[in-house]
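For clarity, chains are labelled A, B, C and D in written order, and residue numbers in each chain start from 1.
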């Protein structure tokens, strides 16, 4: 093993597995965990659809049904949609920007462990009949101390704490990696659109998550130590919860959607064999979506009797956000139109599926943005149809396209095209059969979250049809699973660049070595691998006795200094365990926050405390900033 | 069907239905055009040149913003029409509870205030202003045939105007998840001709009729002697519980248990004997009445027209 | 690999101060997140205040003494904090140790005063929404104060015991940034808890 | 250490499971008990006398209160306490016309079946007999709530604060030391 492989290798066995800092091992683990939660939440949806298949059905009682749809919504939103995008980004961004690791590997690992323990907690709690029962947005006073007995809503609030901290950590890691660790020459204008999308998403996470952090903290203190935030009789307010939740809630759905836009902007140009049309317009559109998404949360509250003039402002903002999304769609279509002949591989099939489904969701979204229509459509099955069209159509389809597209990079093997087509068509048809009838059910007056309905209501046939669609989706997910399992056992390895795409992630082997790039490439274009001469130059001289990578300046990606990355350590895993014990303990007694903080502090100090031997090696290669300054200036002339 | 958004039975809901069809029309056209361009882009032989493509994108964005502005304005004007405050409306106070609707007609004289539950009878052609509040959790009053929904919030009084153009039964449903029996919390809005409405209103003001035969009399004694009296109120008797629906004219109602069962003798008896079988989780407890007492009680209640 | 032009980065600095270092971006991220939490908590305070006809609804406004005293101590603690940051950039170990210890001393002082503040709030979190939001704001800041105090303490111990390398000075510099955040965040909270009920009922 | 981890986790899970399961059960209907022909026997209980079950057959079908560990039933008890106007005489546990329920002094016994009998049979000086008026399941829910007022139940099953004017710290108020003797 060469020196670099030795430095970047993890310890063998379980201890090595738990203390790895490799963003690829943590990334794959993260993606697999989110997919397991996706499958579990999908099963809950299947049970709900079976219960709703017939009128006055007794498959599931009201109490269990309430837990089913609450855990389905909570798991899909907090344990699948947001984390899977971050997991894919944490795997791909270092490869796409041309660096050897994420900015804060230990923090990244801690973020994953916390997410895993939070997710396991939710499903264990659901299995123990303590699952949340007031829906994924858990309106007060139903989720408050008087109307939700026991610990159910408390576990919901704690799950929010787990998944937020993990998402915020992911956001900080993504922003720092994308801004400070790009390959030399990759200026902001040459950054891949997926990286742009993830940076925009990360900023949305940073400014949206605190709102739900506060809301869930206020809820848990209301329930456990009798604060009065949501008690209308003591100065509290039930709408305070809705404002705080939806100020986070709407950016949340764009946090799920914007990464998917990034994925499409990576997949589609590869199959159109040309750069995306209007790169600058696309970036501005992403940023516009981020800003606008913070200005339209009240459209979830149109029916609470707020003053109509105020609501018209939010109607305008809700309708306006269709513009940047529209621009992205037009630019993609223009890219397809001006590219070479398109070859229909499975990733492109899923992107085309996105167009067909998401645009319907977008248009029904405009309808829901209008206050008058929203007064009829809000909280009916029309909304259930809309949210699935924009979430499954808008995020899950591009995500599956991304799986088929980046699967060879993650595992070194191609997914089978034939199974891919079966997976796509079953998913596409099953989805539309399941969710389009829900538009009509909503218009026929079927409200959301009803565990049953009477035969006289006339909703039976469409519900039965919808259940058939749901079963088809389940079958297509099975096909995907089989495809993954079979492909993993294939012998032949995928080439470095199977789709001969243009991104830097395809410049290294499949799967990439622990250090990603033996020599960090220098780029001078937005599509490096499609240039005649790649790489323009190579970075050499990075010390190999420690894990090092290059830190570059934000605006022009000129080399700035060498970063020494932390070595593998088990402390993040232990810190996550201690934090989990503290969070779950605080559901049963507030003193757990005090006593639980001691082990958390100890593990964090252990995580931070520098190792003697490693510090010695660090001192051996240390170059103080003043001495290195001259060297930096010299380099910059060479490059410019 | 009498609970459909697209089968309006009042000026307000037809305004919304009309606007809905406009939005659907525009959306359908936009969808077909965009998908048309997509399919063309996928199937074409030669490459379109980049210059025209970029211009096409900016034109498309321009058209999109014009369409969106148009839709936004159409909604704004429709909103102004619907939000216009009616003149001299019939005022009714609706209080939502966990899983039933308490209705009280606000009349100038307190003695003329009718109290009923789960059923709202209104005269046709006259605007009705509902003052909505909730006693426990958030509910939402939604009768699709007549108007959009409005939430009932603890600590707030929200307003909703209804107008029925023609007589008929218009079913509604609670639209905000409110617990175990959110699915069985529906309400009937029955529009009557003005004279028939005032006849019904005066009948509602009267106290409960005296039991006509010994079986009904025994039924009343069972009512007064068992658990019913703790929660329910019957005008003209000393049962004055206020936590359950008012039963003074329960026999005249179209459906029982907030729209769960049609109002028949068998359903009434079944509901009283074991409400949890019909609505698991409802706040009404099962009673341990013997068959004979139950029959007498049901007879007595069926006379409360 | 063909003999392509190469960039030799072997003698570049192995750490840097200010926004050039990765740690600065993590600290700024933390400050952005916690800043948003404080901002939304203050907005919630004014939202609840807008709903009630009297503010504070039933109790007296918090006494000014300890709150103001704590504001002064916090602002004063900015001085050693600033000097510690400058010393870290000069990598002058002796003065880094001196200023960090004085920061900790002031830290102990304002935590003691904070304990007294809790007693003079004249309300309780169970009393009403006013009491709840006032305790929430104060406790949010207190938690940040305590965690920052412990961070600084651990770093100070490290500065005495070692093992030290140049990078540790970057950590001291970033820790000073976070300390500035805790001081700066207190100003709007002080204004909201202490001055608003008194001068803007 | 790692090898024993699965068994340790399984045991922990089971323990948490048992505690969690009962607390979170939502029992809507109980098997209908005996018919409600309750006669109010004359009893020789004297206020302050030895706390024993009233003479005549004890109305309690079971010795142990079925809802001591069921959070849902206790919160239903809290609602019924308001609905049936128990607060009219007992205020919110502090006592007014009727005796206080938050302390550990019981005129007619604080054991579940004694409270059950007190509610069903009524007691001299104003406690009406609710035997015919309140179904058995609801009486047991009230019994469980009354016992939670005086801190006799586990911390995690106690109800939170009601969405009403603040009468007293909620039983689940966990910061105060648990000495039921102090009435506030």
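List of remarks:
Definition applied: a residue touches a chain if its C-beta (ideal position, glycine included) is under 8 Å from a C-beta of that chain, and two chains touch if they have at least 3 such contacts.
None of these values were measured; they are calculated from a predicted model.
Here B-D and A-C were compared by C-beta pairs in contact; the pair with more is A-C. Chain centres here are Cα means. That of chain B falls 52 Å from that of chain C.
For the pair chain B and chain D, the distance between C-alpha centroids works out to 37 Å. One inter-chain figure worth recording: chain A and chain C are separated by 30 Å, centre to centre, where each centre is the mean of the chain's CA atoms. Chain C and chain D have Cα centroids lying 47 Å from one another.
Multi-chain contact residues of chain A (touching two or more other chains): 63, 141, 146-147, 222, 225-226, 228, 231-234, 237. For chain D, the set of residues touching two or more other chains reads 26, 161, 163, 166, 169, 173. Within chain B, contacts with two or more other chains are made by residues 136, 154, 180, 280-281. All chain pairs in contact, by the document's touch criterion: A-B, A-C, A-D, B-D, C-D. Contacts from chain B toward chain D in the complex involve residues 136, 154, 180, 225-227, 229-231, 243, 274, 276-277, 280-281, 283, 285-288, 290.
Partner chain D is touched in their complex by these residues of chain C: 126-128.
Per the touch definition, chain A reaches chain C in the complex via residues 103-104, 107, 168, 171-172, 175-176, 179-181, 184, 206-207, 209-211, 213-214, 217-218, 221-222, 225-229, 231, 234-237, 240, 243-244, 247, 519, 522, 535-543, 548, 550-551, 553-554, 559-564, 601, 605, 608-612, 615-616, 618-619, 621-625, 627-629, 631-632, 635, 638-639. Interface residues of chain B, counted against chain A in their complex, comprise 1, 3-6, 13, 15-16, 19-20, 23-24, 27, 30-31, 34-35, 37-38, 40-42, 44-45, 47-50, 53-54, 56-57, 60-61, 64-65, 68, 71-72, 74-76, 78-80, 82-83, 98, 132, 136-138, 140, 142, 144, 147-151, 153-156, 158-159, 171-183, 260, 280-281. Chain D meets chain C in the complex at residues 161, 166, 169, 173.
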